[in-house]
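Quick notes on the structure that follows.
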Amino acid sequence: MVEDEFEEGQARVVPVSERVAAEALIVDIDGFEGPLDVLLTLGRTQKVDLRKVSILELARQYLAFVDQAKQLRIELAADYLVMAAWLAFLKSRLLLPPDPTEEGPSGEEMAAHLAFQLERLQAMREHAAMLMARDQLGRDFFARGIPEDVTRVKRVTYTATLLDLMQGYARIRTKDEFRPYSMDRESVFTMEQALERMRSLIGFAGTWTDISTYLPEGFTSDAARIRSATASTFAASLELAKEGKIELRQSDTFAPIELRRKD
Amino acid sequence: MSEDTEKEEESLFAAPPIAEQERMCEAILFATAQPVTLKEMEARMPHGCDAAEALAHLRKRYEGRGVRVVKVGDAWAMRTAPDLGFLMQKETVETRKLSRAAIETLAIISYHQPVTRAEIEEIRGVSVSRGTVDQLLEMEWIRFGRRKMTPGRPVTFVVTQTFLDHFGLESARDLPGLKELRAAGLLENRPPPGSMPQAGDGEADEGDEAEAEDQSELFEE
Amino acid sequence: MSEDTEKEEESLFAAPPIAEQERMCEAILFATAQPVTLKEMEARMPHGCDAAEALAHLRKRYEGRGVRVVKVGDAWAMRTAPDLGFLMQKETVETRKLSRAAIETLAIISYHQPVTRAEIEEIRGVSVSRGTVDQLLEMEWIRFGRRKMTPGRPVTFVVTQTFLDHFGLESARDLPGLKELRAAGLLENRPPPGSMPQAGDGEADEGDEAEAEDQSELFEE
């Protein structure tokens, strides 16, 4: 069965006369699925059990095949040439008496593995055919023609917790109290205000003066207001110093900062 | 017809035994995508078969089983027994959170019952969609209360025992008041400036704003 | 989960008699074209049913009939008897013709699973084209198995339930001639001595561990 299929595969690419002449000399290497496929075909022409195939003879045939293909100026894929080189090497190993100093596997081991590979490939082909020869679904046996599909009934239940309920209620009842957030500016003395104020005052600062005396009215009693005014007055002083309008000095860390008009 | 000549030719061979014909009918009915007429069946079976008789046997065999041989028009088919229809359904229960609109509506009903639809709308500030109320009615969390003695005698809504059971309440009066909600941290803000809007103040007419909000309510669902 | 509570609830009721369970299995299997697992079946049957036992009865009942109860992996299905295939010419689905490469690749995967691409290439002696594997994946005859614990952690391929169903196999263990192949040592992953030219170089040397895994895997399935 496999045999038949296999021969058929070849027949497509090889004229019968040529095949009869030398099955090994099939030049259309595209008809083969790689060197192992060629070797398997060559091996089968020896008409023996693959386990007893003569690897020597096989190597000879393969090398002849590659040689012939090359003469016909067929471009051989690299793996065909690699196989050829390896088989030539194997052949030499098989023919020459083993060199005890040489490392690596013996010729026999290599030959045995090649035989194993060929036998395994052959076996897989036979079993592939056995598999395909089985009764197949949709060809020999059949599934239900009118499947009654399972209908999926989706039932949705809704739920809520007491917390959801109370939060929902709270949300509604407090909706009117919503006030967009805005900064409370009552206790803020901005740097712009401080700058404006100081510009009008520094003209009188001929001598060193503590900048804390520049805090505006109404910002000297409440702590929050003092903080805000101090910060903005200090920042405004720096700005004025940068502009070259005043000089600043501080005798010590945390000592009062003093300013003086720069002329 | 050629059928006749064929018949004569083939009648040399005996028809398969009836048990075998029954098997054939069974396989054909099972695998064919449509109901099959007797004629079609016989056309497919070996010559000399009596599909009607084979079918009668098959029908009997399937009596009381999980599958039946049924007549569909003038054709035959196999169908699962009707009493096993439940096996052909796979019910999945999905639990979803109530929409915000539904929760708010429910909250208002529970805190203000008995309450009319107009009152709910006034408190929520948006109109209440029919679907929301229907859903709550269907869940049996609310029901109709008695009509209000106001013009138009509007129906009211009250919560049900099912509602109380679900939320683990003895009565709707057990629901925490605003003050307690605030104490529990459920309200972030200051107490409302004015008094609470009175239930039964009449139907405030919904402006464009409310309508727009109504849209969002629909999407929420 | 809610399933558990449901189970507890229902365990108050006795499971239906086995004859009834058999009917249920029959209806479920009859209704679907796809194999159904025991688990799925029991999920659809009333609580307490023993689908495995019901199926054993059912299988026996259908022995020799036009339709059979077959096991596919860990699932069950009803299929027409193969000897009646001739009646079903109309139902025959023309499957895409597989290339020789695809058939061989499929065979290698089924007999050697789980198997890496490199191993397939070593056995076939040529590289496996992407299209071949893609085609088999697309047909849902093969799928990715777990990665091999070898350098590079290559993905493996295994056959699917669809494959088993298509070829009428209960499990991958029932592949034709599997025993003989194993006895002949042809399913062994024999590393090449020295430097044998490898197609699709790479993970040629699988450890002993991987080999042991190979063998056991087929038995496990």
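Chains: A, B and C, in written order; residue numbering restarts at 1 for each.
Throughout what follows, a residue touches a chain if its C-beta (ideal position, glycine included) is under 8 Å from a C-beta of that chain, and two chains touch if they have at least 3 such contacts.
Keep in mind it's a predicted model, so treat the numbers as computed, not measured.
J.: Looking at C-alpha means, what's the farthest chain from subunit C?
T.: B
J.: Going by CA means, which chain is nearest the middle of everything shown?
T.: C
J.: Using mean CA coordinates as chain centres, what's the gap between subunit B and subunit C in Å?
T.: Result: the chain centres lie 38 Å from each other.
J.: Subunit A to subunit B: how many Å between their CA centres?
T.: Chain centres of subunit A and subunit B, defined by C-alpha means, are spaced 45 Å apart.
J.: Taking the mean of the CA coordinates per chain, how far is subunit A from subunit C in Å?
T.: The mean C-alpha positions of subunit A and subunit C differ by 31 Å.
J.: Residues of subunit B that touch two or more other chains: which are they?
T.: 27, 30-33, 78, 80, 88, 90, 93
J.: Return the residues of subunit A touching two or more other chains; collapse runs of consecutive numbers into ranges.
T.: Answer for subunit A, listing residues that touch two or more other chains: 142-145, 148-150.
J.: Would you tell me which residues of subunit A are touching subunit B in their complex?
T.: That would be residues 142-146, 148-162, 164-178 of subunit A.
J.: Within their complex, state which residues of subunit C touch subunit B.
T.: Listed in rising order, the residues of subunit C that touch subunit B are 2, 22-28, 30-31, 44-45, 64-67, 78, 80-81, 84, 87-91.
J.: State the interface residues of subunit C toward subunit A in the complex, per the touch definition above.
T.: Subunit C reaches subunit A through residues 30-34, 44, 77-82, 85, 88, 91-93, 95, 100-101, 103-104, 106-108, 110-111, 122-126, 165-169, 175-177, 181, 184, 186, 190, 192-197, 199.
J.: Which part of subunit A faces subunit C closely enough to touch in the complex?
T.: Touching subunit C: residues 5, 9, 33-37, 79, 82-83, 86, 104-105, 109-110, 113-114, 116-117, 119-121, 123-128, 130-132, 134-145, 147-150 of subunit A.
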